[in-house]
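Multiple structures are listed underneath, in structure tokens.
Both complexes shown next keep subunit A, but they swap its partner, so subunit B is in the first and subunit C is in the second.
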Partner chain A sequence: MKYFELFSLPINFNIDLALLNQAYLRLQKTVHPDKFAHKSSKEQLLAVQKSAEINDALHVLKHPLKRAEYILAERGVDIRAEQQTLQDPMFLMQQMELREELEDISSASDPEDEIEAFEKKIQMLEKDFHQQLTALIDQTELVQLERAADVVRKLKFIYKLRDELERVEDSLLDD
Partner chain B sequence: MALLQIAEPGQSAAPHQHKLAIGIDLGTTNSLVATVLSGEAKTLADQNNQVMLPSVVHYTQNGIEVGANAFKNAALDAENTLVSVKRFLGKSKADIESEYTQLPYKLSEQNGIFNIETCQGPINPIQASSEILKTLKKRAQDSFGGDDITGAVITVPAHFDDAQRQGTKDAAELAGLNVLRLLNEPTAAAVAYGLDSGQEGIIAVYDLGGGTFDISILRLSQGVFEVLATGGDASLGGDDFDALLVEYFKQKTAQNELDSPSLRLFMSKAKACKEALSEYKKVNVILEFADQSHTVEVTKELFNELAAPFVKKTLRACRRAVKDAGITNEEVLEVVMVGGSTRMPIVRDQVGLFFEKRPLTSIDPDQVVAIGAAIQANILVGNKPDSDMLLLDVLPLSLGLETMGGLVEKIIPRNTTIPVARAQEFTTFKDGQTGMVLSVLQGERELVDDCRALAKFSLKGIPPMAAGAAHILVTFKVDADGLLSVSAMEKSSGVQAEIQVKPSFGLSDDQVSQMLKDSMNFAKEDMQARMLKEQQVEALRVIEAINASLVEAKNLLTESELTTLEVEIDKLIQLRETATTPEQLKTAITELDNASSDFAARRMDDSIKKALTGQSVDQV
Partner chain C sequence: MAYSDKVLDHVENPRNVGAFDKNDPSVATGMVGAPACGDVMKLQLKISDDGIIEDAKFKTYGCGSAIASSSLVTEWVKGKTINEAAEIKNTDITAELELPPVKIHCSILAEDAIKAAITDYKSKRNK
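And then the complex of A and B:
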């Protein structure tokens, strides 16, 4: 769990974002290339590498999905490059319905209200999956971790929906 | 009250000598240079006491003119007078021909480099920009009594892509400047207002220049600046407001078509009228052209009415940027105004209304960027070792690769904090495929044709495998200046390819160094002597840096490691005096650099540990 160690944080899916950010800034103040602008080229190169590594670690830990995938990978269940689809008809059905709902938003009479309502719905789902994940991800048995991986796969759908909602919102702003 | 210290004559007061660092605002219309003297940042003026240098380069049979004199010739000798070359940086001939249809220049292309044909031969935008930078460098040197400049920070628009940034850096190198950092213009403006000290929160930088509009949303926390979002319009600026008045004048004087002298007259009258309306409620404009004379009255109300759609357009971009940043208007703590066009009262008022606070205007909006750059340069060069300021910048536009079907696969999305390294795996499309062309793109669109092609390179020697079996790992690395390098490797065979992304229409390193040599009007011996001197300075810098590190962290080395390193240092100290060729010294510097690399890595790890245990390095 190199990334957690890097920021001196306990290995946990529920992370203290304020602490993470504090540690991040303190590290960047130490290694950022700006601090080495007048040093030797070797040191400058090293600083760029370290700084990039810290940026990457922050990027992974900050995002719940990436954080979950990272923890799972470190525990031996790496799903980061997989193409596997989800085997859960109920969930997939629900997703299709949500997608249709999303498509109708831009033609609704009051799209802004609809967007807000849809956002709430997604947030509820997200919260629910986060809770499931919290309970499963710190287990040591493989069965539990596999179940956690399934929750992560579902979360991916949710985040994709959220991205698309944002796109709808953007296109409304453009008009 | 503390007493001021005065040093013995001939002795430096500080243990570290104050190094000369400059900040340069390389602008589309005007460029400026600033420096920090006795703790205060100020712009430097030329002999005529002018701070702004028009970004105009005039090529004549006898030489090169830059600035106000060149500007005067813009109309008389248009094809040899390069105006606003910043627009052309990092662009191809085709880009420019499609974007600007009425340029007075003869364009040509040679070995993939785009040139403007002048009476001094083909000149590319990087060379022309370097002439502007040389002029500013000279101005700074003169004001320092001829002393050498240690380093420079040069500002670029936050939305500049890799090719444009690379072009700016090449121009600086060509001008003989040591670039400490390319800094985003909005960040520089915020630094100038000292927003880095004490305050925390969101800062909006509204930059309306002569021909461009930029809005940037920055976040400040614990002395760190982050660019959260940028937006704007590359073809909206003060000139467009002038054009509105020109149209109005044409209407009032019943003119449909104007010949070019009359058009120029209308344009300059429009500009003057716009500026006067910042102070007066009503302006009478007298237009005398082609035996006609007209007086046109323009009131502030009328101007505001004409200008409103443009101001609104900028506010729409502001709304977009605020949303991209994931914040609300109320969260904006300060609004910084940059660019001469923000002197227009309607702009100030509307921006104030939009963000619900009075914008900051106390620093001259034309100078604020250069001043911020100078402050940052002063820190980077090492004059303020205790500074806690850190500027974290983000990638302005997404970087990706072309995949099958003309689609773009994004590797690093925009607004990612830099420096950054990201890798992604790709695979082969056909059975037995042994090579792969990687096309590097920058932009937000899904289709290759809508993005900017930065470079192409190929990976060869992939062992023949079934389609989809090869694992090609492509790594994108972006440094703190926002400049990209890309490498590719086939994982099973270890076949590698690597390039520093030099845009197809930019200059290669060799071309830059060749031009640098060409541009020096020295005999070969002089050149050799100059290069040797440069290496001597570099050697001293490396020796000082390592010695300083030894004082700080000798304990990280074993006895024998310390001895080895000290021997290497002594070797370089001696060679610095005795070396006769720059190559000799350069090799020795690299050797010492290598010998100390382990030490550097250990120190870095050590300081990381210390940073997190909460004790600062000097307390240990």
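And then the complex of A and C:
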């Protein structure tokens, strides 16, 4: 897998972010424009392209969802552009309830406590899905990878909840 | 991104927001979500014994296009038989609301919500 190879990292969903950052900085130094100031325009162009590739790779690998989607795509299960819907009534019912709960936070008497409690709930769900994903994504069988893809789809709703929670927090700070 | 006037109208005056008692045997519930954007949609249909949709309600957490798509289908399905409602295509919704290509998934969500509700109705009846 190109992106992992680029940073000399093992192909693994659980990535060492500190190592990733170190490798990123080291690589970007090698293609820094200053180093190519006296080189031919062709070499300058190549350096710029390499730098862009390094940035793309970092962008994908540092974000858990993008990283998971990348690994799955490389293993033959590409869900990055899919538009299909998720139909898991139990999961969606829970999501609906969490959204309702979040909606009520702004009008609560102690929104700060509620936000903290909600944040904990999201963390628990996220942790659970991350564990499931870790167990499934490094398998080679398609069945396991399809199940991993399903976990990624669900995780997207959890990240969306987190975005929405941040919005609520911001709106409370503005008041 | 600019919404069409029709989308804005549904967002400002959403039709049929709310919920029916899900334990009512004549009520079918369809729950769907779009992983692409994290939108969640609940569509409930009140269906008569002869399979006519008498009333519909929705609750959607999502962008304007998702809200408009679900609001629109609650209007469309009323008075239809479940078979007629199952014929509603996401392309009908996109055309009516003039949704841009990036919002097509919102119309797919609404189409699938109808289908999910009908599936729920059938499984309830077979019990």
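As a working rule, the second predicted complex is superposed on the first by the 169 of 175 C-alpha atoms of A that agree within 3 Å, B and C clash if a C-alpha of one lies under 4 Å from a C-alpha of the other, contacts with A are read in each partner's own complex, and residues count from 1 in each chain.
Just so it is clear, a residue touches a chain if its C-beta (ideal position, glycine included) is under 8 Å from a C-beta of that chain, and two chains touch if they have at least 3 such contacts.
Source: prediction; values computed, not measured.
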item: First (subunit B), second (subunit C), both or neither touched by A:Glu82; value: second
item: Partner chain in contact with A:Leu17 - subunit B first, subunit C second, else both or neither; value: neither
item: Subunit A residues touched by each partner, larger count belonging to subunit B or subunit C; value: B
item: Which of subunit B and subunit C A:Glu43 touches, first, second, both or neither; value: first
item: Which superposed partner A:Met1 touches (first subunit B, second subunit C, both, neither); value: neither
item: Which superposed partner A:His59 touches (first subunit B, second subunit C, both, neither); value: first
item: First (subunit B), second (subunit C), both or neither touched by A:Met124; value: neither
item: Overlap of subunit C and subunit B interfaces on subunit A (superposed complexes); value: none
item: Subunit B - residues contacting subunit A, complex; value: 19, 150-151, 180-181, 221-224, 319-320, 323, 379-382, 388, 390-392, 416-422, 425, 477, 479-480, 541-542, 545-546, 593-594, 596-597, 600-601, 604, 607-608, 610-612
item: Touch list for subunit A against partner subunit B, complex; value: 6-8, 21-23, 25-35, 37-43, 46-53, 55-56, 58-59, 81, 170, 173
item: Residue numbers on subunit C that touch subunit A, as the complex places them; value: 29, 31-40, 42, 59, 61, 104-105, 108-109, 112, 116
item: Partner subunit C, residues of subunit A touching it in the complex; value: 79, 82-89, 91-93, 95-96, 99, 152-154, 156-157, 159-161, 163
